[in-house]
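Okay, so chain A shows up in both of these, paired with chain B first and chain C after.
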Partner chain A sequence: MAFLQIAHLEKSFGTTRVVRDFDLSIEKGEFVSLLGPSGCGKTTVLRMVAGFETPSSGAIAIDGRDVIALRPNQRHIGMVFQAYALFPNLTVAENVAFGLKVKRMPADLRAARVREMLALIGLPDLGNRYPFQLSGGQQQRVALARALAIKPHVLLLDEPLSALDARIRVSLRAQIREIQRELQITTIFVTHDQEEALSISDRVVVMNGGVAEQVGTPFEIYNRPATRFVAQFVGTLNLIEADVIAPATGTVRIGTTEVSLGRPLPAGRVTLACRPEAVSLGAAEGRPLLLWAEIGKVEFLGAVIRLRAQAGRTALSLDMFNRPDTPPPAAGDRVQVSISPADLLVLEA
Partner chain B sequence: MTDATLAEPVAPAPVAPAPVAAESPAPRPRRTAALALKWLGVAPFMIFALLFLILPTIHIVLGAFQTPEGAFTLRNLAGLAVPQVVRPFMLSIRLSLLTAGLGCLIGLILAAAVTRGGLPGWIRDAMLTFSGVASNFAGVPLAFAFIATLGRLGLVTVVLKEVFGINLAATGFNLISFAGLTLTYLYFQIPLMILIITPALDGLKREWREAAEILGASGAQYWRMVALPVLWPSLLGTFALLFANSFGAVATAMALTGSSLSIVPIILFAQIRGDVLQDPHLGYAIAFGMIVITGIANLVYIVLRSRAEKWVR
Partner chain C sequence: MGSPRFWSWAALVAGVLYFFLPLAGMFEFSLRARRGEYSLQAYANVLGDPQFRDTFLYSVVAALFTIVLGVLIVAPTAFWVRLKLPRLRPVIEFITLLPLVIPPIVIVFGYIRLYNTSSWLPLTGTAAGTNLLLVFGYATLALPYMYRAVDTGLRSIDIATLTEAAQGMGAGWFTIITRLILPNILSSLLSGAFLTFAIVIGEYVFAALLNRPAFGPYMVWMGGNKAYEPAALAVIAFGITWVCMGVIQLAARLGRHNRVQR
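And now, the complex of A and B:
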C-alpha cells in the first residue's frame, strides 16, 4: 500500500463540485506535484490532506491510517504556505521552534534542532531576526525549516514560490528538492507553473475542473499527454488539422501532403499535435512529413531560437538551437519544415 | 584613446539647451499654483486647529505658569497637590481606567465575534455602522438618553419594575453615581474599541492560524502564542486612547451628574466658570495636568500602534 493514499475524494462548496473522484497514491519519499490552472481544485486537495477542508466524500490515509477524522494538529503534517505565514511576533529561531515548543520538546533539544534546521536552509546566522527583516526568499526558507522541524510524515507545499521573483524561484526550488531528497520526506507540491512542476517532481498530477486528467512522470506528461487538456496545458503545442484518408494505415492528408503515421486512426478529421522541438528546418531522413512554411517571427530565447511560421492555414512553432555558425532564417523567408510521424500525437475530439 | 575618453565628460558638446531653458519657466507658476491650491484645501483644518487647539493649548500652558498679573509662578502647579484637586484627578483616573478596561474587553469580544466568529457579513456591517454612530454619541443627548432609559423614571427602569418586578433603585443602582457614569461612558467607549480593533483583528492572517494548527497548536495556544502577542500593541494602544477619551469627556458627566461627581473636567469647569471657586490660573494648571495625562496616553497609543503596524506590514 502507498504511503499516502487518496481515494475517491470529492469536495463541493454549495452546489459547486470543486474536486471530483480524485485518486492518488504516493510512495514514501516521493515528490508529487499537483499542476493545473487557477480553480482546478489542486489547493483544495492539498487543504483536505492538511485537514483544513473536510471532504464531501472519499478517504485519505497516511501510512495506512485514515486521517479524515483527525484535526490538522493531529495529522503530523508540515505545510509551507504561499504567503510564508511566519508568525510576525516571533524571531526566525522562535518560528522554527514553534512546533517543537507546542510538542513540549525540552529547550536544549529544541535549540539543537533549530540550529540544525537553520543550517539546512543556509541561514544559520539569522535566528535572531524578525520576519519583516528578511527578504521573501529568506522568509520562505524559514517557513520550510519551520515545517520540517517537527519531522512531519508528509510535507505540503502550497505554491511556495509564486510570490518570489524569477531568479529566487529557480534557486529555491532546487534547494527545496535537494532538502526533500536529503530528508526523503513524502511531499506534495501545488503549482500552476508547468516548468516548476516538470523540473522538480518525481510525478506530476495534471488537474482540470476538479479531476486528475493525468498522473505520470514529467517525461510522460510532456511527451505522452493523455488528454487534449494536458497536451495544451503543458508546454507549447502545434495543432495540425488533418483528414484521415486510410484509417487502417493511419494515412492522413495535410493540405496537399499525404503521410502515413503507421498506426490505425479513426476515419474523418483528426487533430494532430507536436511540440516545437519536434519540428525541424529542412528535410531529413525519417521525417516524411514535409511542409512549406513562411517565417513570421524569430524569437531569441538564449540557447534556443523559437521560430513562428505559417504553413498554409496551420500556425507552427519550431525550436532550433542557437548556433553562431547557423544563423536562423529571417522573417518572411519561405522554408521547408519536417516532422517525424512518431512525434505526432492524435488528440481526441 | 584614454585621453579622448576622459575628455568627453569634462568638455561636453554644447547640445542646445535653449529649448529646455525656454520652456522651463512656464511649468513653474503652474506648479506653484497647484501647490497653493493643495494648501488651500487643508487651510480650513489648519485654521481650525490653530484657533481651537494650538493657541488655546499654548494659552493654557502659559497660564499655568503665570500669576493673574502675568508674572512667572509655580504656585498654580503646587495648587494641584491639594486634596480638593488630587481627589478629582484620582476619581477621573479610576473612571478612565475602568471604562477603558471594560471598553477594551467587551469591544474585543464583540469585534472578534463579528470578524472571526463565522457570523453572516451583514452583522459585521450593521455593528460597524452602529459603532460609528455610537462612538460619537456623547454629551447632553447621551446623558438625556440614559436618564430617559435608566433614570429613576426611565423607560427601562419602569419596565423592569412593572413587568419583571425588579426595582433598580432597591439594588443600589443610581445613574447619577460612579457606576452610572461608568455605564454611560461605556456607551461610546465600547463602539470606539470595536471601530479601532476590527482592522487589527482583520490583520490576523488565516495562514497564521493554519500554520500554528498544523504545527500542532490548539486554538488556545494559537491565541496565546501568536494572535494576542500580535494584537497586544494594538490592544494597549487602544486602551490608552480609550483612557484619554474618557479622561477628557466633560459634557456627558456634566449633563448627567451636574456637579455631584467631582471628576477633573467638572472642577476645571467650575474654576473657570467662577460661580463659587474662581481661580482661572488654577484652572489652567488643572487643564495642564489633563493635557499631560492625555498626552502621555496618546503617546503610548502612537508608539504601540506603530509597533503593531511594523509587525503586520
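And now, the complex of A and C:
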C-alpha cells in the first residue's frame, strides 16, 4: 500500500461539488504536483489532506493509518502557504522552533534542530531577524524550514512560489526539490504553472473541475496526454482537423493530403494533435505526413526558434533548433513541413 | 487674506484655545487655595486626603480586574468570530455597541433588580458580590472600545492562515491564542486596556448606585463640598487620562516594529 493513499475523495460546498471522485496514491519520498487551472479544487484537496477541510466522503490514509478523524494538529503534516504565514511576532529562529516547542522538545535539541534547518535552507545567519526584515524568497524558505523542522510525514505546499518574482521562483523551486530529495520527504506541491509542475515533479496530477484527469510522470503527461483537456492545458498543442476515410487502417485526409496513421480510428471527423517540436521543416524519412504551409511569425527564443505557419485552414506552431549556420525561414515563405504519424495524438472530436 | 494656509492655522488656534482656555483657567484656579499667592496647597490637600488614596486605589484595582475580564471575554470571541463565524460579525458588533446606546443608569438598575438580596443570585448582599457586579458592569461599559480595539488588531494580521500554520505544527487552541494571537494584537490590547482604565477611573453612575467607594463618586462629593480641591482633582484626572493616551500611542508604535510588511 502506498504511503499516502487518497480514495474516492469528494468535497461539496453547499450544492457545488468542487472535488469529485479523487484518487491518488503517493509512495514514500515521492514528489507529486497537483496542476490545474484556478478554481479546479487543488487547494481543497490539499486542505483535506492537512485536515483543515472535512471531506464530504472518501478516505485518506497516511502510512497505513486512516487520518480522516484526526484534527490538523494530530496529523503530523508540514504545510507551506502562498502567503508565507510566518508568525510576525517571532524571530526566524523562533518561527522554526515553534512546532518543536509545541511538541515539548528539550531546549538544547531544539536549538540544534533550528540551526540544522536554517543551514538546510541556506540562511544560517538570519535566525535573529524578524519576518518583516526578510525578502519574500527568504520568508518562504523560512516557512519551509519551519514546516520541515517537526519532521512531518508529508509536506504540503500550496503555490509556494506564486508570490515571488520569476527569477527567484525558478531558483527556489530547484532548492525545494533538492531539499525534498535530501530529506526523502513525501510531498504534494500545488501549482497552476505547468512548467513548474513538469520540471520538478516525480509525477503530476492534472486536475480540471474537481476531477483528476490524468496522473503520470511529466514525460507521460506531456507526450501522452490522456484527455483533450490535459493535452491543451499542458504545453502548446497544434490541432489538426482530419476526415477519416479508412477507419480500419487509420487513413485520414487533411486538406488534400492523405496519410495512414497505422492504427484503427473511429469513422467520421477527428482532431489530431501534436506538439510544436514534432513538426519539422522539410520532408524527411519516416515523416509521411507532408503539408505545404506559409510562415506567419518567427519568434527567436534563443536555443529554439518558434515558427507560426498556416497550412490551409490549420494553424501550426513548430519549433526548430537554432543553428548559427542555418538561418530560419522568413515570414511569408512557403515551406513544406512534415510530421510523423507516431507523434499525432487523436483527440475525441 | 484668503490663503488656505492662513485659515488652517486660524482653525488650529481656535481649536487649541477652545480646548485649553478652560483647562488653563481651571489650572490657574486650582493654584489659588492660599489667598494672595499661587500655591500647590489644593494638590497637597487632595493627595494628603486618605479618602483620595483609598478611592483611587479601589478604582485602579477595579480597572485592572475589568481589563482582565474584558480581554478574556473579547479576545477569544473576536478571534473566533473572525475565524469561523464571519457572517455573525455585524451581529456581534451591534451587541458590543449596545452599552453606548443604553444609559448606564438603566443597566445598573437592571443589575440591581436582577441580583438584589431577594433574587436568585443575591450578588448585592455582600461587598465582594457587589464588587464583582461592579466589575461586570465596567466590563460592559468598556465593551465597545475593547472589542473595536481587538478587532482592529485582528484585522491587521492574517489570522486564518497563521492559525492553520500553527495547527499544522501541532498547536492547540490555547497555544494559538496565547502564543500567537495575543502577542500579535498586543498593541491593540494595550490601547483597549488603557481606554478601559480611563473609563473606569472616572465612572460615577455604577459606583454611586452600587454604593462602592470608587474614585468617581469621590470626585463628585469633592465637587459639592470644596472650592479649590475639585479643580486640582480635575487637573489630576486629566493628567491620568493623558498619560493613558500617551501610553496608547507608545503601544501602537511598539506594535508597529514587528508588523508584517504587505
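To be clear about the criterion, the second predicted complex is superposed on the first by the 349 of 349 C-alpha atoms of A that agree within 3 Å, B and C clash if a C-alpha of one lies under 4 Å from a C-alpha of the other, contacts with A are read in each partner's own complex, and residues count from 1 in each chain.
Just so we're on the same page, a contact is a pair of C-beta atoms (placed from the backbone, for glycine too) under 8 Å apart; a residue touches a chain by one contact, two chains touch by 3 or more.
Just so you know, these numbers come straight off a predicted model, no measurement behind them.
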**Message:** Taking chain A as the common reference, can chain B and chain C both be placed on it without clashing, or not? Answer clash or fit.
**Reply:** clash
**Request:** Using the touch definition from the top, say if A:Leu120 reaches chain B (first), chain C (second), both or neither.
**Result:** neither
**Request:** Pick one for A:Ile254: touches chain B only (first), chain C only (second), both, or neither.
**Result:** neither
**Request:** Return first, second, both or neither, reflecting whether A:Asn89 touches chain B, chain C, both chains, or no partner chain.
**Result:** both
**Message:** Per the contact definition in the header, classify A:Ile179: touching chain B only (first), chain C only (second), both, or neither.
**Reply:** neither
**Request:** Tell me which partner A:Ile188 touches in the superposition: chain B (first), chain C (second), both or neither.
**Result:** neither
**Prompt:** For chain A, what residues appear in both contact lists, the one with chain B and the one with chain C?
**Reply:** 50-52, 71-73, 77-79, 81, 83, 85-89, 98-99, 102-103, 130, 132, 143, 146-147, 150
**Touching residues on chain B, where the partner in the complex is chain A** = 205, 207-208, 210-218, 221, 225-226, 229-230, 310-313
**Message:** Taking the touch rule as given, give the residues of chain A at its contact with chain C in the complex, in rising order.
**Reply:** 50-52, 71-74, 76-79, 81, 83, 85-89, 98-99, 102-103, 130-132, 143, 146-147, 150
**Asked** Which positions of chain C touch chain A when the two form their complex?
**Response** 157-158, 161-162, 164-172, 175, 179-180, 183-184, 186, 257-261
**Message:** Please output the residues of chain A touching chain B within their complex, sorted ascending.
**Reply:** 50-52, 71-73, 75, 77-79, 81, 83-90, 98-99, 101-103, 130, 132, 143, 146-147, 150
